[in-house]
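Quick heads-up: structures coming right below.
Each of the two complexes below includes chain A, the first together with chain B, the second together with chain C.
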Partner chain A sequence: MGDGGGLRADLVLEYPFTRTTGPVIGAFLTGLREGVITGIRRSDGTVMVPPVEYDPVTSEPLTEIVEVAACGEVVSWTWVDPPRPQSPWDEPHGLALIMLDGTDTPLLHGVLVGSAAELWTGMRVEAVWRDERVGHICDLAGFAPEVPGAVA
Partner chain B sequence: MRDVAVVATAQHQVAALTGTTEVQLMVPLLNAVRDAIGLTQADIGFTCSGSSDFLAGQAFSFVHTLDAVGSVPPISESHVEMDGAFALYEAWVKIQTGAADTALVYGYGKSSPGSLRDILALQLDPYHVAPLWPTADAVAALQARLLLESGVSGAGELAEIAVRSMRHAVGSPHAVRSSADVTVADVLAEAPVADPLRPSDIAAEADGGCAVVLAAGDLARGLCERPAWIRGIDHRIDAHGLGVRDLTRSPSAAAAAVRAGAGDDRLDFAELHGLYTSQEAILVRELDLDDDLLVNPSGGALAGNTTMAAGLMRIAEAAARISAGEGDRALAHATSGPCLQQNLVCVLEGE
Partner chain C sequence: MSDPDVPPSALSGDVTLPAVLRDVEPVRSVRTPIRLEYSVTAGSAAEAYLRAYAEKRIVGHRSPVDGAVFIPPRGVDPRYGQETAEEVELAHTGHVGSFCVTHLPIPGRSDLVPPYVSAWIHLDGSAIGFLGLVAGCANEDVRIGMRVRAVWKPDGELGPTSESILHWEPTGEPDVPFERAGNRAWRAGGPDGRDGRQERGDA
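Here is the complex of A and B:
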């Protein structure tokens, strides 16, 4: 107390457990470590990225992991400025739902451009990988505008 | 089914509660609802609350708040880590089973000590999304852009919702954002903070609490001159993943409204728990509300959003209005999760 600012105390929240990610989420995270993005095929043939263990409509278990493209199209976006202190990004950045080529559900990730003016719905983007990958969504540093003619 | 009614309500909401604990916040509110109908805690059959340990920063934080209720002699009690509206649903079910005839329901939240828009990232997928720490506003902005660019809503429509909320909130004792003279042009002139969302599109954060007493049948009639009868109540949920559903829709809201019987008769007004103007626009469509229906006479959650109580406050606002004779039939809505993922609809009627 003292200055009228209320009581203050440091508190460290801990989660002293380990988890296994299982055959579906685990496959996705392992893929990221190898530098590939994977999805999962539903019984109607559509592909969901990131893969989920159960079909969100029919609830049936899903098992068919497929490798998908590391490039695609922005379907919705916003601009994050200032960057959030806990996030993997130190600079203002885009945040977007990205429909990777050949997939049917968009992936949420950052888009690495300098200003909101460089973002638009329908823009082509490609994955930017970190050099050191550990099997985590942040193995993707984000997505950058696709360079025309370059091989993704 | 047993007839169950809201027979007393109390709420308190301010921009920031400083130097006040959740227990200190709830003591006067719980006393107010019980005193209003002459009940003591010994007369309450079931007590149920909604609050968040993530906001309090402490596991089982709701146990402390039971000090405000009074739990000696022992009481029958439960808690949901959700808005108090969902605690009200549990209490309604408890009364339906016959295990209780009265219930005390409350919800409360103090988000001002932390950063709510960041904390809410923790409700997202823990492997694919939460590690990116998207703010609640950023996630809502992705939904709002889809809504705007699909042509379902225009920026003008969203600004009109913001203006309506601020104007209705004038004179509302619990609103923390109101304005009698704000215009659509004023709102559209604001710079986006989570593009395309402008400050007035985003619910005003608040701290506060709400308490409600439910009673069954003739007991309700004896406690209250004009009980607000719960004619229908239902909640439904959509898939969790942000990419796996059409974010311009909220099928769970539509399903809850149908199952609660919202469209079975004329409504006099609706209280909606939309946390962004874009969400309110989606809700008006999904709940199939008439264009000329009075929406959010209190200003709604946009005028004051106490996380974990804003939904229960919608039910309390609707019930208080009905009990005061300012309407005969109302829809109250509460939401949970990102982008209107889970929705509760409660239809209230006076006799």
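Here is the complex of A and C:
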């Protein structure tokens, strides 16, 4: 409530959703829990990450889940400072579209670097996994600059 | 047209998995809680409405088109996009237009103890209903057309909020007939449904 400046109220809208994943999204989350990233193969051979249930062009159901690389290239990014209160990340970080090697659609995730100066389009990054994984996108702590020669 | 009784193929489980995922328990659900914190500025119509509660008054707006009274006032007749500015003080009595008995608790609302009754309260003189709690009788006795009156907080606890009304209780008067309760009378009002004036004669 304001003082003389008009009535104002702070409100909170909150829902504790639990969603059923289905086998396709479920496979992606199962993969994260097991420490692998998966995509889905389209009839033209291209691979979408994360996997989607239907082909975005032909609408045909997609069923072939494939394991993909846990490293790739930043194709677009922004710098987040400060993170919003409910962000998975407490520290300023990059938020990037990452094209994993061998895939054809980019994955959105955080890039764990200290400043925007350490982030650029085309930079190589690799997945950073949490030790305790539950089947959630945050099983990936984020992506970090690839250490040359350290990733297969 | 697909058969609505057959799950879409993407949900039927017919996918091929890489070796690493074949012999592990699959994830079947994921928690995705959402939370939005925001602030609302009432604006002139709603502010006058809320401040009236602190004075133990209930106010609406009268439409310049046909005299229909809207509560809460939004500063506009939503049917015509016509600005409204004429404030109307409404009675503290009305009737139940429709209601719902809630049996499940709402997280974060420990003040609402199930089973409780929420209802569209149609105030005498108002063309539409607004939401309130009904208490002071058994839930089984709440019915469409039941006459009710506002039960206010003690004067010292009134504030610029609709929560100044604790709930609505039965008056004991004869019911509004079902076919005239709520907006049923409104729909029956004009040949094209455009006449929003009070037709019950209970204003």
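Please note the rule applied: the second predicted complex is superposed on the first by the 132 of 152 C-alpha atoms of A that agree within 3 Å, B and C clash if a C-alpha of one lies under 4 Å from a C-alpha of the other, contacts with A are read in each partner's own complex, and residues count from 1 in each chain.
Everything below uses one rule, namely that a residue touches a chain if its C-beta (ideal position, glycine included) is under 8 Å from a C-beta of that chain, and two chains touch if they have at least 3 such contacts.
Being a predicted model, the structure only gives us computed values, none of them experimental.
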Check the residue A:T30 against both partner chains and state whether it touches chain B (first), chain C (second), both, or neither.
-> second
So, A:V66: does it touch chain B (first), chain C (second), both, or neither?
-> second
Quick one: classify A:H109 as touching chain B (first), chain C (second), both or neither.
-> first
Mind working out whether A:E14 is in touch with chain B, chain C, both or neither, as first, second, both or neither?
-> second
For A:W77, decide between first (touching chain B), second (touching chain C), both and neither.
-> first
Based on the superposed arrangement, let me know which partner A:G22 touches: chain B (first), chain C (second), both, or neither?
-> second
Which partner does A:S43 reach: the first (chain B), the second (chain C), both, or neither?
-> neither
If you stack the two complexes on chain A, which partner ends up touching A:H136: first (chain B), second (chain C), both, or neither?
-> both
When the two structures are overlaid on chain A, which partner does A:Q86 contact: first (chain B), second (chain C), both, or neither?
-> both
For chain A, which residues belong to both interfaces, chain B and chain C?
-> 6, 11, 13, 21, 25, 29, 85-86, 136
Any idea which chain C residues touch chain A in the complex?
-> 8-18, 20-21, 24-43, 46-47, 50-51, 107-108, 160
Show which residues of chain A lie in contact with chain C when the two form their complex.
-> 1, 6-27, 29-31, 33-34, 36, 38, 53-54, 61-67, 85-86, 135-136
Partner chain B, residues of chain A touching it in the complex = 4, 6, 11, 13, 21, 25, 28-29, 48-50, 52, 56-57, 75-80, 84-88, 95-97, 105-110, 116, 121, 136-138
Could you pull out which chain B residues touch chain A in their complex?
-> 18-19, 57-58, 118, 121, 125, 127-129, 131-135, 138, 141-143, 145-146, 149, 192, 194-197, 239, 241-245, 247
